[in-house]
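In this document, chain identifiers A, B, C and D correspond to the written order of the chains, with residue numbering beginning at 1 in each.
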Amino acid sequence: MSLLNPPELAERITSGQGYTRAAGFRVVHVEAGKVELALAKKDELLQFGGHFHGGVIAAMVDQAAGIAVTSMLPKGKIGVTVELKVNFLAPAGGEEILARAEALQVGGTIGVAKIEVFSKTQNTETRCAFGTATMRAVDLPKSFA
Amino acid sequence: MSLLNPPELAERITSGQGYTRAAGFRVVHVEAGKVELALAKKDELLQFGGHFHGGVIAAMVDQAAGIAVTSMLPKGKIGVTVELKVNFLAPAGGEEILARAEALQVGGTIGVAKIEVFSKTQNTETRCAFGTATMRAVDLPKSFA
Amino acid sequence: MSLLNPPELAERITSGQGYTRAAGFRVVHVEAGKVELALAKKDELLQFGGHFHGGVIAAMVDQAAGIAVTSMLPKGKIGVTVELKVNFLAPAGGEEILARAEALQVGGTIGVAKIEVFSKTQNTETRCAFGTATMRAVDLPKSFA
Amino acid sequence: MSLLNPPELAERITSGQGYTRAAGFRVVHVEAGKVELALAKKDELLQFGGHFHGGVIAAMVDQAAGIAVTSMLPKGKIGVTVELKVNFLAPAGGEEILARAEALQVGGTIGVAKIEVFSKTQNTETRCAFGTATMRAVDLPKSFA
């Protein structure tokens, strides 16, 4: 029996409420230390040029890093963001964006992840952003326990 | 007659379409090299704990940095994001968040800004995030010219 | 009697040994949450163009952030670097560089600082870099207690 | 005949002068878009706890990113640092540190790289830092042409 957070927690904190539910974030896959998220294009996610807004990409980075680290924390703990950084590599003009995060290190109180974001058009993926983020472990709110 | 972008451009790229209009970003004030944005709390902007989602705060950082740099670019140019970094300092649990950006340096092709984000409850402001971002000047899309 | 680390600690961890002593880092001023460091130009600190090497500037950012946060930690604790980010704003071609750090937030386990670096030539200071850094509080090694 | 910078340029800007020569940076391997640097431990590179100073690790990140991007620039151009960020993952207590950089994207004026730093003791490598950096292409100084 695992003492780590179950994969279902990723789903609950993503699709259960708030910004990530409203925007349409989907958890494609999660395992210990890794996660893939997806987000389909819609007008209310774009910037002036018709590409995904940088802030939406940053939110994918944030959410994916949080899940990657949280998946390696003991039950009852969740990662909240200390800092994140994103380099934007290409316009995100695709029909969907995918964020793939991988925990680089998770200790007692802090975890770090790297995150790659891809813009997908039909069967072509273009890496459009690369990020790193630090999470801090805090107690999971009672409503999620 | 100024050769720099007019303040109205900030309004257009913020309230005119897409993510920033849907989320409710407001341009409170803009002058050469400086901008203040505001965003009122609503459910679809929050994370699992009921605070503004880190990705929404990062989007405020991104938009504010873009406007601060763009306000110092010649007419016809606009700043797109090369990279951004945000440190989260306190939960953003207020009724509104404010982002105040200031350009640190704007050259021919690149501009850098610092951005402070405040969580506001009644008359109290708490600094909840601090960011830096780099913008690259590109041609303004024809539809905005 | 203060329960925080004394200003002398900044001096000891800077001038006492290792890289910062060899490079010539000087503690100009330190108070709770703030520090100024200085470093005079010499050949072994420069890059191919004759300016201070970016890594030397990053080291100033690192050391200044560590001292600014450590100065607000209880005696017996010291800040070690979780992450740092530096934006380079202008070539550091002066006779001396100065780093001024200010703690933005210090909690039980983590502290964040912002750092400005200036290149100084005679009486002119040019801001050449801007950074942010996160520190984690750990026990001070016994040799420093 | 390649129109890109030759591998020898990496050697010249690293071992030829200044900080990187004085510290002892060695170019282990360089190819288009990739580089490995090494640096042996010595007292004047350490911090108060006896590990490599964070600023020295940041300098490795900076130099490696610069070479990785420069190796993909046309002859006569060199990358100077726009910004860098480093996450420190473990104490760098080894006998040597290695930095491995890979260009993620190189365009006409800007290039981005990711950099991993390892602390090496005998035959064991521990990843001690992970960084990202943005470079800007400028004309190579005449003395290097």
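Everything that follows uses one rule, which is that a residue touches a chain if its C-beta (ideal position, glycine included) is under 8 Å from a C-beta of that chain, and two chains touch if they have at least 3 such contacts.
Since the structure is predicted, the reported quantities are computational estimates derived from the model, not experimental observations.
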Far-end chain from chain D, centres as C-alpha averages: B
Chain B-chain C separation of Cα centroids, rounded to whole Å: 29
Where chain C and chain D are represented by their mean Cα positions, the distance between them in whole Å: 22
Centre-of-Cα separation between chain D and chain B, whole angstrom: 33
Sequence positions of chain D contacting 2 or more other chains: 82-83, 85, 87, 112, 132, 134
Touch-based graph of the chains, sorted into line, ring, star, complete or other: complete
In the complex with chain D, residue positions of chain C that touch it: 12-13, 16-23, 43-49, 53-56, 58-63, 78, 80-88, 141, 144
List of chain A residues in touch with chain D within their complex: 85, 87, 89-90, 104-105, 112, 114, 127, 130, 132, 134
Chain A - residues contacting chain C, complex: 82-83, 85, 109-110, 112, 132, 134, 136
